[in-house]
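Read through the structures below before going on.
Each of the two complexes below includes subunit A, the first together with subunit B, the second together with subunit C.
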Partner chain A sequence: MKLLSSFKKELILASRSFYFYIEVIFSLVILAILLFAVPEEISTTSTQYVYLNLPKEVKEIYTDTMLESVPGIEPEEVELEADGKTYDAQLIATDEEEFYIVDSEEAVRNLAYSEQVIGAVIELDDSNQLYCRYYLQGYESTRLKNLLSILFNENMGVLEERIENQEVVSLTTDYEPLNDRENTLPPLVAFSSCLMGMFIMASYIFLDKNEGVIKAYAVTASPIWQYLMSKIFVVLVTSVVSGLIIVMPIMRFRINYGLFLLLLLSTGFFASSLGLLIASFYNNLAKAFGAIYFLIILLMVPAIAYFIPGWDPFWIKIIPTYPLMQGFKEIILPKGDIAYPLIASAGFLAGGIIVFAITNIRFKKTLSV
Partner chain B sequence: MFKKIWNIFIRDLKVNMREFMTFWIIIAPLLLAVGINFISPSINDTSVNLALVENENPAQADFFDDFAHVELLGDEQKVEDRVRARDDVVGVLPKDGGYYIMAQGNEPESIVEYSKLLNVLYESDVKLEDARSEIIEFDRTVPPLKKMLVNILLLFISVLTGMLIALNILEEKVDKTVSAINVTPTSRSAFILGKGFTGMFVALFSSIACLLITGFYNVNIGQAALLIFSLTILSLIIGFIQGLNSSDVMEAAGSVKLLFLPLAGSIAGYELLTGNWQIFFYWSPFYWAYRANDMILSKSGTWPQLLLFIGIILAICGAVYAVLAPRIARKLQ
Partner chain C sequence: MAMIKVEGLYHSYLRNGRYAIKDVNFEIAKGEIFGFLGPSGAGKSTTQGILTGLLQLQKGNVTVAGYNIKNISRKMFNKIGMSFEQSNVYSKMTAKENLYFYSRLFDVKTRDPIELINLVGLSGKENIKTGEFSKGMKHRLTFARSMINNPSMWFLDEPTTGLDPAIAADIKDIIKERNRKGVTVFLTTHNMFIADELCDRVGFIVDGEIKLIDSPKNLKLQYGKKLVDVECIQNGKLKKETFSTIKQEDKDALRKIIAEKEIRTMHTKEATLEEIFIKVTGRGLV
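Moving on, here comes the complex of A and B:
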């Protein structure tokens, strides 16, 4: 009962503070950005500059083969500028690629340098075989350079036919990917609703420390953990409100909200307990700032792995935000794995309870710092 | 006047150093810079991850290792288990004298296509030593992602030191020491400005150190120093507005969250949107700062361009200050 009463009081106080409304406004702005600025499919095109230093007939065959592979695309005459010079080029543009055929090696070199993309000069060697000279920036990985080196070892047409016939066995066939807008939701919810809970929780405690509330609490009949828990509940309510504002208009009723709230609350509890623990070591936010700042940046690193397929080093997976984002992703995926968010929630809850218990002991001992 | 501001700055620096806080805030970006150095080579080397059966075909594993990350596992079941794991790993398994690709089904299409290409190249007996190509490099050693991370870090330093200034001012407000200054020969504005210098010093030191740690020591130092100076003015404005407008740390904490919105929006706008849409970000000093940083880090800018960008940043800061000056003066009373 005391806990409920403390929670009610905290909630009333929070609803009167400017901060609560900042949270709501922030969520609405994020939602507006997602709805109006982030397209469902973000198109990314790669650019290449090529000079075909080939006899006219070979050049025509090469260009025709290239155009056959992209039916319905007509080459376009364009002008390009690099290093203060203008170059004529033929552009073959698809949704994924912009392929410029220019008239000289100098154009390839200057364009590749100024635009920081790959340039290539294709010619015939002494045995009348295709030979390629690449212009690269220098930071490309050895593995990429190796692949580029051997692409002209085999006839392109033969390679393409073999690739078409290559057998691929998929372990799951009913996977439906998220669109780009939906795919940005897990990191946003993770950082906006859960992670900031840590920062906000610490701020709450410093505010109360400054006003002497914690010491005053010591002379009441309530144990200190109830005071701390009532604060966490307020942060959790804010997290739920802001999380639902961002997610509901986009996902509507296509996701399991029970599971979503379970993960949101358990991760929010973990993050808030962490914020409390940090707050127990310092007596104002300025002093705790460095620790919080460093922790937030560290916890943001898995977002890089989230957006770069194929880059998942082991150490990234042990940072709590990795399972947090992956858990949210599974929840919003049309046929996502239910077990993963459940296990992640259990882990965050257990971790939160341990951190909270340690924090409680620290606050009981010190009452202030 | 200047001596008093200087004295306040030195006193503030000493106090902060004693409390370990400033030292920590200087150290944190440097650790992050080391972190960028640590992760960027592995991100740059990102390729397809392939899982194969150990000792089934060592020559094939050697071939793939030149083009992809290869994991060797005990048997086919272990390869399947690995493919089913959360990250993107594709299996290449033997079948009827050839090989097939085992995918989980949720990988990006490019990963499966790359794996198919590699297997076809191997089965076509293509060899690296027979390469019919030549590679000419421009000797650029810093990958674009690293440049982007360093650029973001520089903007972060600017915002977070702004927050530091705000917290310093807020602390004085809460302790009512701004009023106590009335009975000393130091004016309130000199006192506040002196407190702002700590953040400016931190921003300047951290930014230069981050550039050096991340290997950008061959950028135009004059251009970098000028831009960093304009970013510290930005930090100062952020700090003043936050510190003087917030009545407690909760408000300051909330407003730093709001600040990340134009910061992240400006970066995303510059990186993802085409030229025509970028006009919507011209109001944001972070947009110009990111653009100017990008120009300096890629060593592609000219002095007139840079001066224009810095001029815009300072003009925006000046305009914001001019609009808020009466309010700031009132808050200082």
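Moving on, here comes the complex of A and C:
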């Protein structure tokens, strides 16, 4: 009864404070970005500008060979603009590449500069061998420069043979990848619903500390843990609302929402307990800002590992946001591992209970007159 | 029966042996109004904080309303009420919502929030958010909230601070009325006039130590000058004289003047509590 009253009170306060609306608006902004700015499949088409500084016959052979490698593609006459000048060009476009053959080295240089892509001039050397000069932007890595010199100026036949003879064995055959938009959901849900929850929880406590109402609560017959838990309930409600705002329009009814809510609530409980613990050490948000900022940065590090699967050191895996993001990913994957989010939820629940117990003791000990 | 019993109470905020209060001992009987007087930083709030469970008991024995503070029970708070010096109400909630919420946090029958709001002179303000209240209005609401659970042990920290005289008089009347109904009051203040008017006994605390505990009446008798100032008309002129209330010749002279002369004013030279405090502690109250 007391807990319910505290929860109702917190709902009233949340509805009259701007933090609740900040989180909802933040979620709507994320949704808008996902729907209107992030494509389902991010384009990987590369653009190249090439000038064939070759005798006419060689030039024709080179162009014919190139067109033979992309059957069904016809070159298109286009006009390009760079640095206020117009250049004629032939466009050979495939799904992966837009290849412009221009008619001067000046055009290559200006187009590479204005479009910030690589330009190339293909020529014959003294022994009538093809070689390539590149116009780079200046910030390319040595690795890329080396690769470019190998790609054209070394024996292409050897490279091609090796690539063709490479055997690719897939470790999982029952795997359906997410599209790019869906793939960005786990870190966004983790940060908007859970980490924001931690920050908002700390903010709620500092508001109460500022008004002195914790002391008033402490001299009632209701235990402090109920005061803290009622705040967690409100943060969980906000987390669920913001999580669903982001996920539902994109995933619709293709995921297990029971599992999603379970993970969202358990991680929300853990994150808001963490927010409470931080708030127990400080009197106001300004003083706590350093600690909160450090924690948010630390908790964001696993996002790097999420987007760079090759970088996955052990220590990253013990940062709570790692299992959090992986758990969400397993939920939205068409054939995701159900056990992972279940185990992660249990872990977050257990961790949250421990942090909450410590926080409760700290709040009782740190009340002041 | 003692409503509050404090024995050998010490408290150090930094737990480094520098005590905010040291060796504090006192008892408060049921139905008594006890004034805890001292300047800022004397240890009043620290003592009250320990008695109300806001500060952890470090050293000493304390019982409040029959409950040992060492192992504090939430049930104790059904019996106690606390009015804070600094108003602490939810500014985003109305006066009624504030009191209604707190009324749900006790296991005992609570008072009607509207009745309490009216009692402290906030009639018609019940549906206004307290963020729009003046400092005095918030203070009155904080005071009203302390009565929500009908406490038998009532802690009041500067209950009339910042209130205009008329409202302060109303607050004092409420305290007296509650006390008549058997409520024990622990009044923390540096206002000697309210202490003098309300308290059965007062304790002077300075630098964390209790210097003296007694009733205001006894203190005045003990520390006041035993003199009477008289203004009378003699030969058509106003004459001022001072008489001892102990010396026989002065008592006879006073009787004669009362019988024969036209008395304009007559005052006993009682010491005020503030004067006694300064005399006892060597310190002012601010």
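Note that the second predicted complex is superposed on the first by the 262 of 369 C-alpha atoms of A that agree within 3 Å, B and C clash if a C-alpha of one lies under 4 Å from a C-alpha of the other, contacts with A are read in each partner's own complex, and residues count from 1 in each chain.
Note that in this section a contact is a pair of C-beta atoms (placed from the backbone, for glycine too) under 8 Å apart; a residue touches a chain by one contact, two chains touch by 3 or more.
Computed from a predicted model, the values in this text were never measured in an experiment.
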item	value
Subunit B versus subunit C as contact partner of A:Ser17, first or second or both or neither	both
Subunit A residues touched - subunit C or subunit B, whichever exceeds	B
Contacts of A:Ser239 with subunit B and subunit C, given as first, second, both or neither	neither
Touching partner for A:Ser5 - first (subunit B), second (subunit C), both, neither	second
Touching partner for A:Lys365 - first (subunit B), second (subunit C), both, neither	second
First (subunit B), second (subunit C), both or neither touched by A:Ala216	second
Contacts of A:Ser280 with subunit B and subunit C, given as first, second, both or neither	neither
Which superposed partner A:Gln48 touches (first subunit B, second subunit C, both, neither)	neither
Partner chain in contact with A:Ser193 - subunit B first, subunit C second, else both or neither	neither
Partner chain in contact with A:Asn183 - subunit B first, subunit C second, else both or neither	neither
Residues on subunit A lying within both footprints (that of subunit B and that of subunit C)	17
Complex contact set, residues of subunit C against subunit A	45-46, 48-49, 52-56, 74-75, 77-78, 80-82, 84, 86-93, 97, 101-102, 104-108, 142, 145, 149
Sites on subunit A touched by subunit B in the complex	17-19, 22-23, 25-26, 29-30, 33, 42, 109, 112-114, 116, 125, 129-139, 141-154, 158-159, 162-163, 166-173, 175, 177, 196, 199-200, 203-204, 206-207, 210, 284-287, 289-291, 293-294, 297, 301, 304, 308-313, 326, 340
In the complex, subunit A residues that touch subunit C	1-2, 5-6, 8-9, 12-13, 16-17, 211-213, 215-223, 364-365, 367-369
Subunit B residues within the subunit A interface of the complex	19-21, 24-25, 27-28, 31-32, 35, 39, 42-49, 66-68, 80, 83-84, 86-88, 95, 100-108, 110-113, 116-121, 123-124, 126-128, 130-144, 156, 160, 163-164, 167-168, 170-171, 174, 248-255, 257-258, 261, 265, 272, 298, 300
